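Right, I'll just put the structure down here and ask away after.
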Amino acid sequence: MKILIFGNTFRPEAALSALRLATFLQDKHVDIWIEKGFYDFLNLQNHAFPLVYQSFEKVPELADFALSIGGDGTFLNTAMHIGSSKIPILGINTGRLGFLADVADNELEIVLDQIINNEYFIEERTVLELQTTHQDWNPSSFALNEIALLKQDSSSMIAIQVKVNGEELNTYRADGLIIATPTGSTAYSMSVGGPIVVPQANNFILAPVASHSLNIRPLIIPDNWELEVQVKSRTNSFLVALDGRSSVFDQPEILHIRKAGYSIRVVKQAHHTFFNTLKNKLMWGVDKRTEKSFNA
Amino acid sequence: MKILIFGNTFRPEAALSALRLATFLQDKHVDIWIEKGFYDFLNLQNHAFPLVYQSFEKVPELADFALSIGGDGTFLNTAMHIGSSKIPILGINTGRLGFLADVADNELEIVLDQIINNEYFIEERTVLELQTTHQDWNPSSFALNEIALLKQDSSSMIAIQVKVNGEELNTYRADGLIIATPTGSTAYSMSVGGPIVVPQANNFILAPVASHSLNIRPLIIPDNWELEVQVKSRTNSFLVALDGRSSVFDQPEILHIRKAGYSIRVVKQAHHTFFNTLKNKLMWGVDKRTEKSFNA
Amino acid sequence: MKILIFGNTFRPEAALSALRLATFLQDKHVDIWIEKGFYDFLNLQNHAFPLVYQSFEKVPELADFALSIGGDGTFLNTAMHIGSSKIPILGINTGRLGFLADVADNELEIVLDQIINNEYFIEERTVLELQTTHQDWNPSSFALNEIALLKQDSSSMIAIQVKVNGEELNTYRADGLIIATPTGSTAYSMSVGGPIVVPQANNFILAPVASHSLNIRPLIIPDNWELEVQVKSRTNSFLVALDGRSSVFDQPEILHIRKAGYSIRVVKQAHHTFFNTLKNKLMWGVDKRTEKSFNA
Amino acid sequence: MKILIFGNTFRPEAALSALRLATFLQDKHVDIWIEKGFYDFLNLQNHAFPLVYQSFEKVPELADFALSIGGDGTFLNTAMHIGSSKIPILGINTGRLGFLADVADNELEIVLDQIINNEYFIEERTVLELQTTHQDWNPSSFALNEIALLKQDSSSMIAIQVKVNGEELNTYRADGLIIATPTGSTAYSMSVGGPIVVPQANNFILAPVASHSLNIRPLIIPDNWELEVQVKSRTNSFLVALDGRSSVFDQPEILHIRKAGYSIRVVKQAHHTFFNTLKNKLMWGVDKRTEKSFNA
């Protein structure tokens, strides 16, 4: 068995988890490869790491699993590296529970045993792809959560003209527009009023940020529909952010957004259903205000 | 060709439209059948209606089209009568443009000509079905827009326990819960903050009415998922409304909600896309406030 | 010192708290009067209550404090009885923390000692008054949280025409309209999207329930402005609810809503500021989702 | 009589309006002074402007009125120049109706006659003031609409710690926080879900932009309360925008926000009440969707 390790290079806790992980997997004779950036971070942390582990810059083929140690942000970064290679990813949170990094650090050994014993399931997550006409996009043109088109600092508002399957949908006048996957429905899109979409729904969400028109609402479309987007701003430039990795674009630029040809495969424990994560993360059922009203 | 006519029995304009319709279709040698309630209303209006038309109470099989004259409410009522018979429905609005009744009264003749000449397309619309355990539901257990579970007047709040495919989702503490189709996404569900869902998306929306918990959001699920719902209230009773047709239910009652075995077929003119109707109905692109901000 | 006791007549815990309270206050030689309904409930609970306590139906004048044992609903009921008598109310919660019932049951003795020693402050809370033209309103025409005008079960929507200081404001087409005080801003009004208004702000909130128009927003006005409201519904009747006490009204009826001539005086502990209660009740600062995003 | 003219230097229509204005006021023997930037713009437009008019850079004292020709953005700019000088401002819109620029261009002469004849009223509008500790703010530290604290392009989120009158309120984790006046309640604050506040209400609004916590709501406080704000971001910098004029700030910086010592005086026609402008701008009462539901 060959396992890839990715991790948050800002959290010392991630290094400690990685160390425990390494010790545990060594006993199981698992072949461990550590992503270069995280590998360097681990060495800097001065934990005497066994030398038997390899580092890599480009994701090696034929790995069985990738482990992401950190939070949801680290998971997004891991997913970017994994790309279309189909390697299933397990998200371990070193801090608070995440939607993607939903394995608690202290359950690490139990969950790895389950994985080694084939006790897990795979959830396929849709990915968005961005295609540009004039400008290149680096380092990846794929997003697991969302593609956001946003005004730049100096601009007061942008006009985002959206065509869906060639048909004019609307010109959003707003601070921005978020195109999100179901995975992204609980991230940035939710902060601007977007609905929660279960991972199994084949949808994209279009949710404006601070729309200047009051009768605009988040829109749900099938995920096999394609978008063509043009942005106009006074400053002639705007931001494009894929899972938070942002870059400046200049007008005129035509952006094509569609479902990617691959999906990200997330490793889930048997009881880690989406509904359970929702309840834990959003504290459904524990709102203090709720109770009083019903009990008077 | 055989055409069924339904109409709003409160609007005199609907009678005038029906009269024009009858005169026009007579020349085309179309066989016209008028729904009994509307037929009686027409007679009361004292417009000398030709006697050659038939009335019906039960929808006759083998009709080619149904025309609904009124608004979206009249269309919902027509759809209830049409049920699983697959007869395509054309919605004619005698007042303001509707999402379903989207043919203007003054375009009546033009559109009928198009239909007779086969110049139209059919949009399939998902239908919800309600199955109850203890109590019967009349007159129909199907809904084209939404099924709403609501508190009764005397109750201050209800607790709505929802299972999705057998798994516990949440217990909503609210004034109510709306389960809507894409068709219903622009109706009651939208009034409580639900997103717009295009008719081609295979989804249901779960949107609470006045949720007492602030971190509850509208939820989008695939439309082949099944719901089991139980409602608890202080008064031991609650309301169930299918497309606005409401009835009182008593606890304990287990409600099963799923996609119906049939869909409603809506007749659409070539240019009457969902996006066009959205723009017209919600006045996208004409918000007065928008413009100034961009032009300073 | 003379203290009045009100309590929730559905919660056995309220009886236990009342018993502890009675024992404690007896030692302090405080004169205790118990509201008749709660008095009867206490007797039914078979706790051997000392006979020295008096019961009352009409609030006796010259009392020093009123204690409300239950939740926010019990507090609202206590406030209704206290009315314009200016007696300060202390809210004790026997279950979860309330916005009004913000003294935990287990702090009872500590807080009463503080009150006896004059270590507390008084927060004045604005009250709404309803004046009707044709129909009487019972048992009280005053509300501490909100006055809500709501559709009845059988109606699909109502039209609520509102004049402010004689000037036409809007005709809301909705399930209802809530006119709330700052105190009510964290209750029903919040469930329909209303903002939080601090108790010291001299405002009323107008917040529609399920507005059919998308460009309607909650409205904040000075609390010395007066409202004149007329409701139209298909069924010719509608509901009026004052702090949840609802009653059916028939058209035509002109409702006048204004600030009452008195305010409710709430007893607060030194550290029980509104912001602290907000943080505790709405769990500000403990949202699990928040943390991950910032820590990645 | 002495009148100051400000105008939008991007709209040729503004030049045409200014020309009509000049011609009209010349006949009335009114002394006209034109703001330097607009004056230069007018000259560039090659309309033969009479030479009798003066230009100014610093607002001359003892002027009777200021006219702002453009949109609400132009009005905000005019207000910044007018500052504490108490000169009443009339807003003329050369495009669509504004909340501040609410005089239609084609009513120009009629309204000026009314003003000359003293047929108008003055609405006082509260102004916000920003005081910084380390960095200077240019060109003005006052805002008529709102002060917004916003993340910079490269940051994913900021933490905005707010104290109100010295008491800790909340640490907002969001894209930003808007502190708005009643005047600003229909501008940026409304785009992020803030309520409408009538100009006569003595309030400020605190409304977060894309809050990561779902149970945060817009907050209404009295306008004599003072805010102390600290912002933390990963990039150690953030944006501060006063009425859209934005500037980059570096941590650590303590911002003090309070009501300014002066208010802006807006000239209003007799029938131009706030409610009328609301109805016109937000199209209350003309929502197409509304009607159908009620008429079925």
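When the chains are written out, they are named A, B, C and D in that same order, and each has its own residue count from 1.
Going forward, contacts are C-beta pairs under 8 Å (C-beta built on N, C-alpha and C of every residue); 3 or more make two chains touch, one makes a residue touch a chain.
Keep in mind the model is a prediction, meaning the values are calculated, not measured.
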Touching both chain A and chain C (chains): B, D
Result of counting contacting C-beta pairs for B-C and C-D, higher pair: C-D
Separation of chain B from chain D, taking each centre as the mean of its C-alpha atoms, in whole Å: 44
Between chain B and chain C, centroid-to-centroid distance (C-alpha), Å: 39
Centroid distance [mean C-alpha coordinates] between chain D and chain C, Å: 37
Junction residues of chain A - those touching two or more other chains: 156, 190, 193, 212, 214-215, 217, 282-283, 287, 289, 293, 296
Partner chain B, residues of chain C touching it in the complex: 150, 152-154, 156, 174-175, 188, 190-193, 209-212, 214-215, 239, 244, 246, 248, 282, 287
Chain B - residues contacting chain A, complex: 156-157, 159, 164, 167-171, 173, 182, 185, 190, 193-198, 200-203, 205, 212-222, 273, 275, 278-279, 282-285, 287, 289-290, 293-294
Footprint of chain A on chain C - complex, ascending: 8, 10-11, 70-74, 93, 95-98, 101, 186-187, 214-215, 217, 280-283, 287-289, 291-293, 295-296
